[in-house]
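Could you have a look at this structure, given as structure tokens, before my questions?
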């Protein structure tokens, strides 16, 4: 089975700087692989390990994708190779554009049986790309997959909905989005890391996959939310008197 | 004024139909609910505020909600609604994404507020784990949106309301996923957004059985219990409907008590509009303290039992 | 020498950090300490993810790597953990180099499963810094070898299946060629082990070992008879660097806690960090940490280049363990009373770093080694 797993590079939200005018800046941000995407990679790897097959990593984005440490990082998680569609327009792409480009790339890679996506990207978290790729490829797609196995050439998966679990039979080729706790992302060891540097990386630009549609949304603003003013009365310890002081504040609110 | 005429609503949960109908009425002129399931529901859907119901039919052994994507897609092509609202469930999200892709557009996800007084539909959403609020305008003919939970308040049910009902023909899906079995998932369907007082616990709770002490406290002060994501998705000590934050419940209770919670932004955006916030945490440097009204740097295993005693004594 | 970490080193350390943060919560550390037990969950995770066997040859299931990267990993682990029985790779390497095929296999199999395969039994009640004063003997009778004597301060003797016991031949004409090492099963008849309660290193027992007519075989000799210390010289250098790594990781953790606290703690209406006396402490702490890192990385790098570190490892050890303790001590001072409570990890770091000035050669012994070597250079 040939699996493609999609991942997105995102700025580390710890490094976001809020400017005086409430706009936010990522100038100082380190980029990382979205944490849910690492889980998706793990799910893809586990499936390939038991069902046989290979995993390719796939991403569309801006110049951060060129970062060689991030390339090694994704490849140290197990995929045999990586495909990247690099163009500055992709760093602000909306979900449809992203899904469109990834779907084209999947067609170009050829013979992909399964596309695995994470629950959502850890920056926008719209949780849409997997569902949209499926539709663009005209393949069945499902989200919220919490367990997955392969039997007789079909995927058997459990879908974790809010109040029920569905056991699904998914014909391949297909696109699935996995839950954030389907697996814990693996820890790469030294061998994985050293091998990662030797794995092939295929780089395409938008022309190679036939361009990208216009954005379907306009971003009007991205602003830090106003902070509620809090009293911040902090009691420095938990002696009897101090708990009492805390309780007195609480009592007034009950 | 708004150019929004036709607003469509699709959701699987009864409670959110009422909310979305109320929202749809607020945003547009005519409210159409796309209903799957038992026909008996239709009357109530109209009572909740729908002007029209497109009845798709019922699911069964050989037909899932997902299979209606093609039927819905065809309807969209034919009727071109201005705005299509979806509930904030996994199923709805997936449906919204698929339908939007078929119309070559994106979905406005988890919208907290809509602006329709411009000549376009705008929405705001949390991004970067709650560190920022983004305002977007959609450029597409039909705007697809997943509505954040609790954004709209349901209108009182009006049994006298009248509405059109149209049965829609099923379009055989070109590809589908077969559902072999369904089972209930543990967890009650508590609605935290309705609670006035909430006690939330985080990874500071060492063992599942220690939740008893928290339950007791909640009982005494009449509060609901919520948690951080790791408590629900990591160790599964509580259902998902109880975790608070950007990817969970967002609400504004009057009183919020955070116990053993570090105060990461992804969690805090769910509760930082609360009336008053209390925090118990052993770590002086925990982020929660700068976002609280009252905090105690202390061990919850010391503080909570004393609070229990005092509250009991005060009764 | 390149100061910047390579991408591979950064990735390795980030993965290790992730592993540590998944397993080693402050709560977990406290529980292990309270129960005086090794952190088995962590050890399992290190084994499972290929870190436990770092630095060991591939044929034994390990992953060889350069000394510098290896010690960076040791440092990373000890930013969070007190000593708990890992790493031992370098002393293991010596064992694998010197041991017989059978001994190597035993050791490698044990280590692969996360065990501390053997303890190092050199010190005796009358032979501490002066390790030549050991009196434990190995005598031959009827084709067997009998070990008699007492060892003390033996780290992990009660949790390791084997002991590497140093014995001395009192009749040897050349005292430099009188010490031998034996591979002794810790459960052999005649071995009695008692733990010594101590104020720190609570996850790692330190023991007294009594050896009464412990019968072993000729084949249990490790390496060449009489060449004991000479054979293990390199291993001692490596142990010094391990001490540096532990001191540095711990100091870094203490420094970070103290610096954060200085920003938070308000006294006389302002954060204590605004007092220059506190800033002075933080500044010197930062300088010491920087120097520790430089001295220690350089030493590890020299080792990779094949440069002798006989002198530099003594200098680095002395500097790192002293400065590490000074940093921990100042960190505690910045924390005030809280720093001395068990709630605050600085109190743990403080007591655990302190003993590095004793282990694997005291400060004075490092000076003894370095002093002579320095003088010799200018003779």
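The letters A, B and C name the chains in turn, as written, and every chain counts its residues from 1.
One rule holds in what follows: contacts are C-beta pairs under 8 Å (C-beta built on N, C-alpha and C of every residue); 3 or more make two chains touch, one makes a residue touch a chain.
Remember, predicted model here, so these are calculated numbers, not experimental data.
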{"item": "Set of chains adjacent to chain B and to chain C", "value": "A"}
{"item": "Chain separated most widely from chain B, comparing mean CA positions", "value": "C"}
{"item": "Centre-most chain [mean C-alpha coordinates]", "value": "A"}
{"item": "Chain pair showing more contacts of the two, A-B and A-C", "value": "A-B"}
{"item": "Whole-Å separation of chain centres (CA-atom averages), chain B against chain C", "value": "53"}
{"item": "Averaged-CA centre spacing for the pair chain B and chain A, given as whole angstrom", "value": "21"}
{"item": "Interchain centroid distance [CA atoms averaged], chain A/chain C, Å", "value": "40"}
{"item": "For chain A, residues contacting two or more additional chains", "value": "none"}
{"item": "Touching two or more other chains - residue numbers and ranges from chain B", "value": "284, 299"}
{"item": "Of chain C, residues touching chain A in the complex", "value": "7-8, 10-12, 15-16, 18-19, 22, 45, 49-51, 54, 63, 65"}
{"item": "Chain B - residues contacting chain C, complex", "value": "203, 206, 282, 284-285, 299"}
{"item": "For the chain A and chain C complex, residues of the former touching the latter", "value": "68-69, 72-73, 76, 184, 186-191, 193-194, 196-197"}
{"item": "Residue numbers on chain A that touch chain B, as the complex places them", "value": "11, 13, 16, 18, 24, 94-97, 99, 120, 122-132, 134-136, 138-144, 156, 159-171, 174, 179-181, 213-225, 227-228, 230-238, 240, 242-244, 246-247, 249-251, 253-254"}
{"item": "Complex contact set, residues of chain B against chain A", "value": "66, 89-91, 93-94, 96-98, 100-102, 104-110, 122, 126-140, 174-185, 187, 189, 221, 233-234, 240-241, 246-247, 254-255, 257, 265, 269, 272-273, 276-278, 280, 284, 289-299, 302-303, 306-307, 310-311, 314"}
